[in-house]
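Should a chain be cited, it is by its letter among A, B, C and D, assigned in written order, with residues numbered from 1 in that chain.
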């Protein structure tokens, strides 16, 4: 932490700030400069400093925090990549993982048709919403438990893990029973009660970045989960709000190398929600893999025109097949296999 | 709804879109223009149209939605202002209401000292957090039920209503028992399970706008509450994320006249969280009242330097007293009294 | 400046950074903490430090700049408010100044009708565009020199100063000849050649904030003007781009107290462009004055329906009259007169 | 264009709007719905409709524009991709073009060393700034004409085209004489005098997107150039302002497929300015190519620690070599060669 003093601060004011820092149990390091004095503070790593005690003192004009407020999720705490294991599927290792399926579970036929189509082309996790968070109370809210049961059936029949969203702590026990990965949606990224609850689950968690969450917010949300004991967290970039509404959201692919440097957790990308239109999903899926994502989560529907939700952005199966071919080549260019598709890397990284 | 066809769309493509619209139960109105045809759609008011059935047809390049997706909260549905009554305090009428108190309930002394100070200068509702949503799991999370009990004591002893945040459905019954107004924080604005739950409460709800929520998102969140039966909702602008971090959040006062035109619900402003620093709170409180806000919710602490949370932005009591004098004059300039302070308007509007 | 070292940085790496700092002519102040070392740098005030020499050294993970990059515009450099004088009109003193008139000069009749109407209600500067920056090359681009001549005629006949936009250095001599205040529009806020050129002018400059300019960008743009010798600069907040398009731009009134603290230059607000609709202009004008703005610049048109540009946001004269009455009462509540209208403050501040 | 009437609009109000539309020379198409009437307007394609004449009529609550305001740049106007030719280098065809070199021309040695290094690895255009737009007037502003002469020397000696920024119309003749491609920087994207001037040049123009420019703003800026006769325009995405400052700018790669659908002009990406740090440039360069960019413009410096400007984001030559290898593999995965490096595509698209 660094305290910046006013250019006109007096020696007494500086001394008083140093005293206060000492009383709080830290070390002050005054650094007089030609126009002003700054005071470094050490000893506060990992503590939440009550900065208001200092900012309220006369002569203080700014306080600059340096310590990152998260710990368990940081690379400094754990250097090696975390590999989240779903059955025998490793997420966060050298292989790229593709999760795919419909936005919403609508019926047994629709779910199984989507799932069979995407599995045929290399998806290794099936996605499908049973409880849907919708901006409007008048929109379809999902099949609920019936949807979960269809997912469970699918899992058993096809032997594939499923990821589905959990909306609240009430339905968490049910979702936990049926799903292999618990998805926390963008709107719930700072629903701390829910984060703590999934932090006590034995299921891996897929945590989506909020519409306007900074990467620090995202990492702190993940910290809420890890601090409760669950270390199996996958981060997901899915686009943020911006001033230009050319697409539904602005996909922030620059977040990938930044997150990979800050945290050991796997990072995947949802290109469907940001694109908002199917013809933009494939280029963004390619770009995500090229930027270093550990995986994708993509919406696929056998008949998007009749999807009850977000049909515009769902790929039809043959377009999904094209996407898989393309990202396999992109991943290979980086020396990474696409799991379920290309067991061996074709180029060294 | 309006369907925009490609400049090169054929007559057959246009006819097929019209057919599809008719099959969905609506009326198509093709409008041929010199370079392209647009097709108006009527009969869809209030329905969630499955636009993917149309957007997937050849020749369609854009679909423009016109109908607002909310109903109960809209001025078109109910023209007269909703006045939310908390005891005999009317929120949303001609009087401006000021809610004030500490960010967080820390102790009996701190709570009562803050409350007595703000009541002396015209606050009519006491605010204070018992459950605190914090970005970091390591920050103080509030006193919980002990904090609620202190609020209840305060309410009984001083005869003043209290507003406090409810974080989840688990603690809602407890908060409902102790609080006069249930606050939904910015991070929970799209926590639909919680919105539905407070929609079934008999307590008024103070709904804060999310960091990156559009006004339409905010109104839809309110719609979730009204649709469950609770019509006593107060909206609160509290600042949004922006590219310039000169303040903690960018207070969007332009939202006030827009909301007042779109909805009949009362609109108040929290200038403390956006300002982030006490010396900016008063100008923003004045501006909020000048822009037409129905009230303010402001953080006041007897000793901000020692506040456990957000001390930088809390006003000390004598600064709060100045604020009240200033906003009383501003409100009077608009012909509005500040409730609890100035019973009669001094200027006609 | 503060250099943050990696938690695993070695003593040698720290020593090398200190050496580099000394070689660059500054003083290093290493501060070892429990988990990492930070190194304060002094002696660099006012200099542009070549931080790449340090950031490229092993073990350095972050560099935090503290010194503000602007000087002449800062309150630390000049504590007293700058009062820009246009004839005998003081801008930036206790009085609030209102500049008003049409978006664009369309004809002698339209200009004189607008001007007479706004002068009757207390405007003290007439605005009107002769050269218009338009997003589309197909939109009306202004009358050019003919517009300037009409403004000059108006100035002479009615004895009122005029403000008009200068778009480029080629037309600057012409605009300078006819206008009392040179306006730099939002799109040109970082057109440094133009900023330098008006910095060598003897005319006051009204500098509008760019759509996505931080306050630091705005102050640096003003610094470009002051550094060339022209100290008569008025800053203007006019709304920024945001994710919510409920209004044309998001008016950032929180910028006012922040700017007033950082700089001695006057700060005015343009509520018309941000509002985009006439019925939102008055609440925002009131809020701007309540927040502490030194003035307003407002679009008024005798017949907005037939305005060639931005008619939606222009006030008709009788609405402008209402606005003036309202802001006079707001200003009075703060102890400020509206110049040209209310010579004495009615309440002490 | 579509006029939305209030739910309570009367038949007379609707008739009056239709009359006004007819008087303006267009056709009204009223569409009565169950709760409100909308009125389609045809005949206005390509015209700038004076919407204020309609919006000011009673009963009108919204006007929705549908026609795109640009023409010459649109795919509807010209379906085939524009290929900009610089000497015999085609930009916008199947090949990916890499422009590279230092941010700023500092000296003959630095420029030639950078250029030789990047040419050795496949760059086909050399970049280098002679006139630099800098946020601070105290930052190095470039070598000016001396820098241009060094670029000209380089061009002649090494036989490679150069791209450099033009800041204003005064220096345009000089820059035009020395440079092969005229760069318009982000800050000047809406400097219409400059856009018109380069629109009359015979040199190709590289137009960078403004920090907060929508894609529509960018396309309208390009339209300003095309309308003057210069059809050789290359668009460049370089990152926009966002609420999260994890990187210098947020690179909007989702803009690439959207732009490629809307316009026939080539689209390239500058990953250096957005990344702000060298180690993030390569992943973003890969992602840009994967998303479908026609080229890259990248900063390379032989000794970034001593760069006078933006050293943090410059690649050293051997890292540039790695980048070229990687993007060649990515481009090949899409069936595209990197010009100057890989003459034949290795995979069919």
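Rule of thumb we're sticking to: a contact is a pair of C-beta atoms (placed from the backbone, for glycine too) under 8 Å apart; a residue touches a chain by one contact, two chains touch by 3 or more.
What you are looking at is a predicted structure, and each value in this text was computed from that prediction instead of being measured.
Trainee: Rotating subunit A so that its CA atoms sit on those of subunit C: what angle is that, to a multiple of 5 degrees?
Mentor: It is a rotation of 180 degrees, to the nearest 5.
Trainee: Between subunit B and subunit D, what distance separates the C-alpha centroids? Give it in angstrom.
Mentor: 39
Trainee: Taking each chain's centre as its mean C-alpha position, how far apart are subunit A and subunit D in Å?
Mentor: Each chain's C-alpha centroid was found; their separation is 30 Å.
Trainee: Using the average of all C-alpha atoms in each chain as its centre, how far is it in Å between subunit A and subunit B?
Mentor: 27
Trainee: Which subunit D residues reach two or more other chains?
Mentor: Residues 212, 240-243, 245 of subunit D touch two or more partner chains.
Trainee: Once you've mapped the touching chain pairs, tell me: line, ring, star, complete or other?
Mentor: Its topology is that of a complete graph.
Trainee: So in the complex, which bits of subunit B are touching subunit C?
Mentor: For subunit B paired with subunit C, touching residues are 212-216, 239-247, 250-258, 261, 274-275, 279-280, 283-284, 286-292, 326, 329-330, 332-334, 347.
Trainee: Report the residues of subunit A in contact with subunit C in the complex, numbered from low to high.
Mentor: The touching residues are 2, 4, 6-8, 27, 29, 31-36, 38, 40, 42-46, 62, 64, 66, 76, 212, 241-243, 245.
Trainee: Would you tell me which residues of subunit A are touching subunit B in their complex?
Mentor: Its residues touching subunit B are 48, 50-53, 55-57, 69-70, 133-140, 167-170, 187-188, 190-194, 210-212, 216-217, 220, 223-224, 227, 240-241, 304-308, 310-312, 314.
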